[in-house]
Amino acid sequence: MPQLTMGQALNQALKEEMTRDDTVFLAGEGVGVSIHDNPMLPTAGLLKDFGPRRVRDTPVSEAAIAGLAVGAAEAGLKPVVEIMFNPFFTLASDMIVNHAAKLRYLSGGKSTFPLVVRIKSGAGFGAGCQHSHNLEAWAAHCPGLKVIMPATAADAKGLLKSAIRDPNPVVFFEDMMLYFAPGPVPEGEHLVPIGQADVKRPGRDVTVVTWSRMLGVAFKAAEQLAGEGIDVEILDLRTLVPLDRAAILASVRKTGRLVVLHEATRTGGFAGEVAAVVMEQAFESLKAPLRRVTGPDIPVPASPPLERFYIPDAEQLVKAIRGIL
Amino acid sequence: MTIPKDKMLEMLHFLMLSRRFEEALTDLCRIEGKIPGMMILCTGQEAVGVGMVAALRPEDVIITNHRSHAHLLTKGADPKVLMAEIYGKRTGCNKGKSGTLHLALPEIGAPCTSTVVGAGPPIAVGRAFAQQYRNEPGITVCFVGDGATGEGSFHEALNLASLWRLPVIFVCENNRYAGAQRQEEHTRIENIADRAAGYRMPGVVVDGNDAMSVYTTALDARARAAAGEGPTLIECKTYRWRGHGESDPQLYQPKEEIAAWRALCPVARMRDAVRARGLISAEDLKAMEARVETLVQEAIRFAEESPYPEPHEALEDVYA
Amino acid sequence: MPQLTMGQALNQALKEEMTRDDTVFLAGEGVGVSIHDNPMLPTAGLLKDFGPRRVRDTPVSEAAIAGLAVGAAEAGLKPVVEIMFNPFFTLASDMIVNHAAKLRYLSGGKSTFPLVVRIKSGAGFGAGCQHSHNLEAWAAHCPGLKVIMPATAADAKGLLKSAIRDPNPVVFFEDMMLYFAPGPVPEGEHLVPIGQADVKRPGRDVTVVTWSRMLGVAFKAAEQLAGEGIDVEILDLRTLVPLDRAAILASVRKTGRLVVLHEATRTGGFAGEVAAVVMEQAFESLKAPLRRVTGPDIPVPASPPLERFYIPDAEQLVKAIRGIL
Amino acid sequence: MTIPKDKMLEMLHFLMLSRRFEEALTDLCRIEGKIPGMMILCTGQEAVGVGMVAALRPEDVIITNHRSHAHLLTKGADPKVLMAEIYGKRTGCNKGKSGTLHLALPEIGAPCTSTVVGAGPPIAVGRAFAQQYRNEPGITVCFVGDGATGEGSFHEALNLASLWRLPVIFVCENNRYAGAQRQEEHTRIENIADRAAGYRMPGVVVDGNDAMSVYTTALDARARAAAGEGPTLIECKTYRWRGHGESDPQLYQPKEEIAAWRALCPVARMRDAVRARGLISAEDLKAMEARVETLVQEAIRFAEESPYPEPHEALEDVYA
């Protein structure tokens, strides 16, 4: 299987879907002409391939970008719009939350809003809290939206293609550090169903539920613990909404122990949802308290040692796992 | 330009229908428990919606706001399904999910009524973009209030619409108030239409109580949009006879101001124009009035007799 | 003690703080001249009492309203701004989340942002999902903000006064249905500390953690169950951030059983945070699975029977409690 | 108007300082691992910040954006604490928490640098409101790019500032690009200043490469603001010599365009003007250059020698 970075895999997904379906178009700040000259980025080269009708650079106007998607989707197009950095989700949030998510319901099921909002996310590039602020939990707390946050290049491709074909509004969070992380990616028609978690590493002793970039941290910790005879199961949610409760419950019923790992800040993070689901439905299987390994409740700081402190690492995860064994 | 007789009569019909539809609502929402939620009426400003929509074609789309009744009726909404929705009945155009504030009728080209002030313009931009993208003949019209032009989304949308020369008309229904704030309390400019220049877009001011002026202005703007010449901002000066909603005692609206504008009734104005031009006999006018009355009474009866949705139906229609 | 509705209690708090401190001012859409003529509303009469310098009606511009608060707070004023309905939090969210909450941190602690954003919340008045959409979980997932959501008139007064005196940005959610609910309210200097939950009803058998309007539902259920000999402890969080973990844990350690009740939609709601805290720190005390009683994962519908279906009621709570006894 | 000699020399100093400070940054950020994050420079546009801020008084406040170095240096920022912050050091003006993108120096009246495009104007409105509320003599200046004027927040803020006649100046630093989008790709209007009319606010276009013009225009606007006559929108036409950030290869910027604008160097222009008016000797100019160089080198040394914050310091300063 070809090795691609996640950025390239997303690029392939966009290219394939745009080729397949003329109603798919891209819009956003710099999705066409860009300040970057990097083939690893999801929209690289697409303006050249598909021309300015399909690839639309916009003014710096996040509300209008999201509104464009809402209106065009209602008309039957399949907009794929980009929000440049996760904190700017705020600026598009009225259109996404009060409109994309609700207008189908408000129409009594008459209209559909098949749009994708790609949001570039994650910390790790030293730009501070106005560029790094993971808000997937916001999107997940909004009925009507589907919420995806892939961890591997293959999943990114397969889920973006599924998202574009889904008749519902999908918020698709892409971790920017992963754009440069390679992995095997199936060529052509590779679809990953929305709403299916994936056991990325089967294990016996403890379940680590995670998503996006933290999958790498989970693997690192799992390898380290494997040396000590501790067998970690890693469940990559991939999709937060709809949540694959069955997969979470199956894993926890097997291992009896749960750690939830995410990069977003702790209080109100999506780990709480996972915890609640498990506590509601797999209570009797639990052998130990829950542990959450997350970003601390601070804005993402800019200075390298501070930012490193912010981002959860394998050491913290190992410690958390040891603490409940 | 002389407006054809049929168009004149059509506009008169919709002016009378909108007025009677809302007069009925005024009465109905006084009856405890009959009509849920807020009741927001366009009484006195009907000429804007009627004149504007009368200039449109079936393939055209409107994106409206909380004050939507005249817009929707003129676009062809069945008064029955509107009324049933306002009652919260299952037979309403949105199965009771939207109520009066978000009436959505994609089947007549009125797919989105947002009650988030200022949310219409970006969505209209998207709708018009789709028309341009697919080279369709239709255009999009977006209704906003004067207050809505204070929202950032209005600005972003007009800039983008002009940049891409989208087939869209922004209609500012300036009824002098945004909630309890008079125009001079929410902006220092006198003509909202002057904002159009900030996007290199034509801006036009029109007498919003004169359906005929609105209609002819709309035709021009429609022609521009359809010809690929881009958007227009039309400001229609009008007035809200009633409060923001029916629970508003209108303490901040001077009584003389209301009286002065009532004297400029858009329905009477059109009726007089039609009569003056000899386009309708006294008898036919009576018949028209009777037809309107029947439509409204049928709508009420339909709504009254319709069932409420079953509670669990609330769970439907979230996802496709 | 005088009986006041929550709206009157909030009005009193505003009046007292404005009298005490000239730097306190109000801004928002219709906080002065209003389309309502109802003395039960929090800002009723304040324009008359304090004049247009202190009570500022604004254009319909939520981002500017929130930005006004941010800038004025940095300068040392104490803005109390109003967002008319909770869904419009979206429109102010960049200013609140990326600025009010973060600018102190970004200044390295040099600046403070002592502002209050009052947000009118809750379902129950038939206006549908663009007016009713409880987003307290969003605010709670944002380090730098304090988040308050009172349930009684007395707490509303005491907490709003504390919020106005707090040197941090506070998001203060007010349930509109409660504006008309009366209760005893201490006169004058009545301060409720931010960050303290309150046992509104002590009980032995099960802990119901709730806040805002759902407190009434909890009481109703508790009374019904009391007749059957089931003794419900009701813990009113009052403040979501900072969260009174100690109070939650103490109650759960006593009863061994937990139900979290909130009006907001379920997935990603703040019940998850409460669940996670308990599962982390009071795991051994738990005798039964968690139950959540919340709004379903749908937008708030307009029609009366549908809206009633949306809002959690005592019957559901009773059933949930019975299910874990 | 003749600008006093001291002011001319002050502006020349800050032009040279800004330029050298950023030239040093250009070099430093080529060294792997030295400077974290993005590096966004105002090289070529320094006259806007320098001319504008030179017209201000100590009690005045500036709200700036991602391209802030000239603004902050001219307002009186110590190059050492700026440089240390850019390095991410504990001795930086924000203890390493903000980095280059959000430099905050309330102690010199520069309390907020937001990198959220368009976020400055509403905050500036709040800051100016406080000045008006307390009857203070100071005013507020808000810097935005041309692209930022596409954000809704810009519109809301200008409307409110004009409505309340706040003592604020909005400075649009039009460097022809918003990211990789040329002005004509993000709006159809030619002069951003024309938007001012949409708020009944004066709008002025000025040569943004001429610090003297910027300065005199700023003085006028400042006088208006301080006199309670309300806000002004000043558009300064200038150009971004470098890419959006230092990692931008500028493929979309025509080489000839860059060359043409380099020929209009704002630093050289001021130097020539100062020399032509005989305000400085060749010797004194040399000394000034040397002083600037010393400041920059000291700043770098200070930053280099300063410690990084301890990791756990990340937990401080969230709440007061």
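By letter and in written order, the chains are A, B, C and D; residue numbering begins at 1 in each of them.
In this section, a contact is a pair of C-beta atoms (placed from the backbone, for glycine too) under 8 Å apart; a residue touches a chain by one contact, two chains touch by 3 or more.
Just so you know, these numbers come straight off a predicted model, no measurement behind them.
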> What chains do chain A and chain B have as common neighbours?
Replying inline: C, D
>> From the mean C-alpha coordinate of chain B to that of chain C, what's the distance rounded to whole Å?
In response: 36
> In whole angstrom, what separates the CA-based centres of chain B and chain D?
Replying inline: 45
> If you average the CA atoms of chain C and of chain D, how many Å lie between those two points?
Replying inline: 40
> What parts of chain A, by residue number, touch at least two of the other chains?
Replying inline: 58-59, 61, 63-64, 87-88, 91, 94, 98, 105-106, 128, 130, 143-144, 296-299, 301
>> I need the residues of chain D touching at least two other chains; which ones are they?
In response: 92, 96-98, 102, 114, 116, 150-153, 156, 159, 163, 185-187, 318
> Which of line, ring, star, complete or other matches the graph of chains that touch?
Replying inline: complete
> Which residues of chain B touch chain C in their complex?
Replying inline: 36-38, 88-90, 92, 95-102, 114-118, 147-148, 150-152, 178-181, 185-187, 243-245, 247-249, 251-252, 308-315, 318
> Can you name the residues of chain D that touch chain B in the complex?
Replying inline: 150-156, 159, 162-163, 185-189, 194-195, 197-201
> Hey, which residues of chain A end up touching chain C in the complex?
Replying inline: 87-88, 90-91, 93-94, 97-98, 101-102, 105-106, 128-130, 133, 135, 137-138, 140-144, 241, 243, 260, 264-265, 267-276, 278-281, 283-284, 286, 288-292, 296-299, 301
>> Using the touch definition from the top, list the residues of chain B that touch chain A in their complex.
In response: 61, 63, 92-98, 102, 104, 106-107, 111-112, 114, 116, 119, 121-131, 133-134, 140, 152-153, 156-157, 159-160, 163-164, 316-320
>> Per the contact definition, I'd like the list of chain A residues that touch chain B in the complex.
In response: 25, 53, 56, 58-59, 61, 63-64, 66-77, 79, 94-95, 98-99, 103-112, 114, 143-144, 146, 167-168
